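The following pair of complexes shares a single chain, chain A, combined with chain B in the former and chain C in the latter.
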Partner chain A sequence: MSTLTALARAQAASTAAAQPIATLRHVHISDRPLVFVPLMLAGEANAPLAAMVGDRSAAPTLLVVPQPRNRDLRFTFAGELADLVIRYIDGFRGVTEAVQANRGRETRYRYVQAPQVLVPNPPGVRFVRLLGRSTRLRRSYGRYAVDPSVPLLGQWLTFLGERAEHPGSSMLLAMTEALGMHWATGQSAVEDGNLAALMGWIDPPAGLSATVAAAAAEDPLTWPPAGPATDPTFDNEVLAPAIAAYDRAAGDDGAQRRALAALETALAGQLRPTWDLMWRAVEQLRRLPEGSRVASRWAADRDAFTSYATYLQEGGLPQPRRDSAVAAAIRLDRLERAQAAYDAQRALDDPLVMAEYRMVGEAFAGTVVAAVPDRVDSSGPKRKLRPHITVLTRDPVRLEPGTSVVAPPRVQQRAQIVSLSPVESGTEVVLELSGGMGRALTPAPGSVPALGEDLCYSALTESYQPPGRFPLREETPWTHGGPPQEYVPSDDDAVEEWS
Partner chain B sequence: MTGDVLAGVLADLRCGDHPGVVVDSPPGAGKSTLVVRVASQLTGDGGQLAVVAQTNEQVDDLTDRLVDALPGVPIGRLSGQDYVPAPRIARHPTVRFDTQVTALAEARIVIGTAAKWATVTQGEWRWAVVDEAYQMRSDALLRIAGRFGRMLFVGDPGQLDPFSIVETTRWAGLTWDPMQSAVAVLLRNNPSVAVHRLPVSWRLPASAAPVVSEAFYPFTGFQPATADAERALSFQTRGFGSQPVDMTLETAATSGWALHELPARHTLRTDGDVAHACAALARRLLERGGVARSERAPDGAALTPDRIAIGTAHRDQAATVRSLLPARSGITVDTANRLQGREYDVTIIWHPLSGRRDATAFHLEAGRLCVLTSRHRHACVVVTRAGIPELLDAHPSTEPVYLNEPAKFPDGWEANQAMMAHLHHHRVRA
Partner chain C sequence: MTSTVSTTERRLDRIRGAVEARAHNARTIAALTSNPGCARRAVMDAAGVDKARLASHLGVPAPYGQSQFAITRGNAFEAQVKADGCAELLRLLRERLHLPIPEVAYDDLDEVGGNASRELRHARSRALLGRAATGAEDAGTLFDHPLLRLAVGGRWVYLEPDLIAFQLAGTFRVVEIKSFAVVDGQADGDSVAAAAVQSAVYVLALRRLMRDLGHDPGVVSHDVVLVCPENFANRPVAVLLDVRKQLTVLERQLSRLARIDTILDGLPAGLTVDLVADEAGAPTRSASEVAEALRQVDARYAPECLATCELCYFCRDEAQGTTSALGRTVREELGGVELVDTALGLAAGTLAPSDEQVEAAAVLRAAARLRIECLRGAA
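Take a look at the complex of A and B:
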């Protein structure tokens, strides 16, 4: 936790109100997100128990597995969920837009919209990923056949789960994390994992203080857990008898229908409060103005969606069980580049995020106190325009001379630190500018910061980083186990230990 | 270094069953000397030798040593676009610099960072030496391993594990997990690769080698190369009164260790009191005119600022200490990551767990404490808030255990406890 977040948390605790730690929204919130609140059975690995799902707050769909230990019923649930999810996803595969790629030499198309799935918390994301893992390799024929939509659901859920690992992606969001990026509360990080308590801090009901609202969220009767884990008392006193009643009614259709209805009522009661909270949280996030770089990250999400949809349309195979050595290294490289770009983009968008970097001396804000806008560097073979400006800052600067820095409104212009000199009122930083000033040896008007202008420079860069170079899969070196065996899909893929 | 190790390494490298050999080296065991000797042997065989290190600093150090050991042998320094040759390298006429490996065809040895080697698109080398291989990440090795016929991996297994800014648990348990070190991935996929060990530490004094060996190298211990009487730290002036700072320095001078303990308190990461204590200890060390006597300087050499280092866990802690020292003091203040592979006479370290409320995996990591407590030739002063043993007792390791993931030794929690148990005998309350 950064010092600034620690301060915001202390302030939240002392004023009993959540404190903003971002001035803008850094996640994309779709006009029509799919809210998915799953529950699973305690004691069974990722066994779905129930889910409330839908893209309109007024019309949730409740799906229930009346006996979660029964594998067939689990995959019936997966089939029902598949119908909903795939219909939702296909709804975005209509309109495309042309995008110039490779400096205008190529044109590719991407969907103008993309699906967005919202779950309450990080364990919800894990549930999505594991449900994808348990369904994507199933077959619609042979032993343990399932509905054809089930493996397709598995592929989409796996795709979403992998996007959730991609820094800056908004395709699958955990609500507690999305809220936690924007507000600091006066409770612990563990307590922030409780969506009801977190919303109690951020948006307490009228007339209640945040601390009272958060404390009320600890009562599982009014605020059942946001899943996927259920409340143990509910398990013992309500769920177990209801499932037992369903089992006892086997063979008697009427009795089984009644038992199922009772189970549905009980589970709906557990899910509905979280469902309503999710939509309140969506509204809360929508009220924040969107950061200027959110749209470009959402465009990357739409690109990923388009390419995966095309891949599936062409009969693409399900994602492999695990990454090969080369695939793992390539993915790590991609994730690391995305993380660095995401961190930089948030700071360049949002002064409150940038303040964290200023605190630790990796950025500095100040006023231009001197400028030589027409300075020309003639040391090299070609004369170059290299204006100098001096910025006076009161921030503790810990950047070294020679470091390249940029200021948010002038990201096209690189500035190199020439010297740092402590003065009475702070530090004077001399910067040499290059780029963004036109081609002549005199800068275009307004392209060099004027005297008195306030700027914030940091070493963060959002410039494109090329991907690393990796060997081909067939050329995996001996140090990494040599080339992996060629994958040949077979019916045995669907047979797993837990089938 | 004993000649046996060199002979064994060369034999395995030239005609062993595997195209790779690993040499584990405890702190200051003559790793660089081994690399230089192996390089001189292999260049004698003809062909071009590739040398890979992890940072430009390491490459420069190694180049400098290679030139000294192999006068007249042309060396090619493969460098990035922005690299400016360090003065200590640029003065050698036999070293050529280029960003393209093809331009260095005449060199007998081509040396560069792993990141730079990864950009090489063609060519194959019969021999390669990978230095600081435990700092190299598995994915970095994946990118270059195909270019080399037979490889020698040299490194210190007690160093910091490679890290990433992103979540990497999805690969936990795979033998090719890209987050392992290069040596770990190599040994997990090829368990029969020969591993040699350098047996003695030339750097650590007799007071430190057994402690560090027991805490951080529990199964592959090492011995100090020097006897207790060969190293001594003394002061030209006496302390005035019995200030805690002076008492700490006296303790460090007589026993090689000191624990400078401030009152228990939960603090921010940049704890001002600890920063002041680190800076005050370093300044006082110079004011008192420290003299270090060792096998290199039997008559004693004055302790100069460049022989003192202050080590921290975080960059902002290092920056805070730096701001409390006079400008251009010459004292090295850096994080454990940056101090890897360096050597000083006296180190002052900011204990990673000082003032913390919790013991996270980052702060518990055995490699971090190992790097910090094994950089010195004479004495190590640990500065901390009181209460670390209690903090450790309250926070047993809670890291998840993954299937097929080999257990890591030493365990950070246990190594920290072992170190604190030893330091307890050298405690000075400030």
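Take a look at the complex of A and C:
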């Protein structure tokens, strides 16, 4: 939480309307996302109870497990979900595009589209990950054989769950988080975890103020929880009798059909409000103009999708129960670099995000008040064009002389801070420019910021950061348990209890 | 000293009124320490007020309930672990934690001769645990449902005995049975954190009991045994959980809880939130009367209360317009300014800062200027 966001929350509370904390959209929103609203049985690790799923707001599919403690019914659910999800995912495996890699020496192909799964909240992401874990190690043969689609679903859900941890990825998004990146509400972060309350602030129903809408959203009768946890009162008063009725009707097809229909109606009533909210939230996000670097991050998602689809096609094994030490370290390193790049990209895209860095002196914006565009540095053996410009800023600058900075529209041009001098109206920063000005000793027209131009410089960089160096898997040091055994899913994994 | 205690007790009884006191458990104590600066909570809990019933009567019922599915599952799991004299638990202690347990006695302290007062049950727990600490028998002992107590805000509170204390060769361990799953060696972080604090409450209560009996409190291990279902099955797994950090926090918070006497001294003499019921079971005093009384005791609302205190909605309504209602970090980022309107006034420059607000005001004005500048083109 920064002062800027805190101030936006205060403004939201005072005006009773959500306030923007980004001027652009920083997540990719697919033309055809798969909205997935799961419910699970309270008290169990991962017992699916119901789900509403689909890629069109007008056509949700309702899946129900009439007796969530029944293993066979769980696998029926998993099979039905698998059919839907795999059909959706396969729909993106048509057209590919060629991508030049390694400075044009190699060409690889990636799908031009990729799946995007939207769940209401972070526990929804956790549910996807756990459902992936409980299904990916199953087998379609042997004891407790399941439909072949079940382990495949597990592999895809695990892939999506892991991808969701990758900063900047939009393949599996928790809606409350996607919204919370763009709007500040007049309530606390705790209350923002309730999708209905959050949407009440961002997009209150006609005729209602945001505060009234958010308060109404806390009544589980009007706005059932967005899952996967259910409302305990619903559990005790509606769900438990309905499940009991289903159990009692065993052996009587007609009665069981009626009991199932009653359960479906009850569960649809719990899911439908969230389903509608999800699509309203999608519309809200679509209305924001997309940041210029969103497409490149989505391209990275498409790369990941393409390579995992290829891996599966070649009969790839399911993800192990736990990463080996080296794999875990490599993954952590990758996530850290992705986080730094993602933070920098959002700031370079969006002045309001950059303002966070200006608040703390890590970026400064101002006007060019002096320029020596044809300054040449002849101190070295070769004369070099090194123009100087002076930027007057009101921001508190905490960058040291010698720091390299860039300004968003001129990311190809490096500027080095030469000096900082406080003046009456702020700070004058003298910058020495290099790059992006052509090859001659006089700069190409327009390549040096002109007098009066407004610019924002920061030390943020989105340039490639080399990965850390890690030992080979077979050279895992003894401190980390030595070389791990190759993971091969076992028979035990496949028949693991799911009760 | 005795007279002070009884005066305090009398005042607390008066605040609670003619209804029975609510018992504490490790969870409520853990919650109490999460907001030790809240006098309202300290007084209500020390007086044993039924906060859930109070909140309902005030028209702002607590947002919690427990699903019967969760309760059933929790009970079934606990029963499974404890079945046949804790056979499953012993297997875990031997196989997973490699404790050399030859044979074990099992003492259920749930009841003393049918029905028993808490004082009596506590006395019996105390006697048996004390004897186990003195005797150096080889055999281990499992004490199920020992009734422990802890001083909170200068008053004894009894802890609901949902634990097992395990004694082996003079060392005591707290065993906590929880029904959240450990999947591939990992469990939900929030659940583990909550279990750790609750276990720490028991460890502390057990250590104080040992100290009071003249034993070394160190005989109670800071490693608690957490028993959870493994993966997606009902098979239990045991892990040791080091609760040293939680113990430190707990002890500090409990000592910081202002002694209840000091808080009571600042309250009007006749104060009561009595919920005594009429024949139909409805409280006889009007909601506004009770609300008025409750407002006499200062609260310190933070959004975290929503997860831990039954009175949260009442206090949240009261905290409307304050920066802390938006979250502790929001308040800090707004320079600690108490009211939203003040923060906005300082940010807009329409309000002159007081001496201690000068620095915060400068930061707020800078933030406001940046927001205006960046949102001018957009929106």
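One rule holds for everything that comes next: the second predicted complex is superposed on the first by the 492 of 499 C-alpha atoms of A that agree within 3 Å, B and C clash if a C-alpha of one lies under 4 Å from a C-alpha of the other, contacts with A are read in each partner's own complex, and residues count from 1 in each chain.
Basically, a residue touches a chain if its C-beta (ideal position, glycine included) is under 8 Å from a C-beta of that chain, and two chains touch if they have at least 3 such contacts.
Keep in mind the model is a prediction, meaning the values are calculated, not measured.
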| item | value |
| --- | --- |
| Combined model on chain A where chain B meets chain C, clash or fit | clash |
| Contacts of A:Ala240 with chain B and chain C, given as first, second, both or neither | second |
| Touching partner for A:Gln412 - first (chain B), second (chain C), both, neither | neither |
| Chain B versus chain C as contact partner of A:Ala6, first or second or both or neither | both |
| Which of chain B and chain C A:Thr107 touches, first, second, both or neither | neither |
| Broader residue contact with chain A after superposition on the shared chain, chain B or chain C | C |
| Which of chain B and chain C A:Ala328 touches, first, second, both or neither | first |
| Which of chain B and chain C A:Gln339 touches, first, second, both or neither | first |
| Partner chain in contact with A:Glu44 - chain B first, chain C second, else both or neither | second |
| Chain A positions touched by chain B in one structure and by chain C in the second | 3, 6, 322, 396 |
| Of all residues in chain C, those that touch chain A in their complex | 63-74, 179-181, 183-185, 188, 229, 231-235, 303-304, 306-307, 321, 323, 325-327, 329-331, 333-334, 340-341, 343-344, 347, 363-364, 366-371, 373-375, 377-379 |
| Partner chain B, residues of chain A touching it in the complex | 3, 6, 165, 167, 322-326, 328-329, 332-333, 335-336, 338-340, 360-361, 396, 398, 468-471, 475-482 |
| In the complex with chain C, residue positions of chain A that touch it | 1-11, 13-14, 20, 23, 41-46, 126, 130, 133-134, 186-191, 218, 230-233, 235-236, 239-240, 321-322, 351-352, 354-355, 358-359, 394, 396, 496-499 |
| Contact set on chain B toward chain A in their complex | 18-20, 118-119, 121, 138-139, 141-143, 145-146, 151, 164-168, 170-171, 174-179, 182, 185-186, 189-190, 268-270, 315-316, 319, 323 |
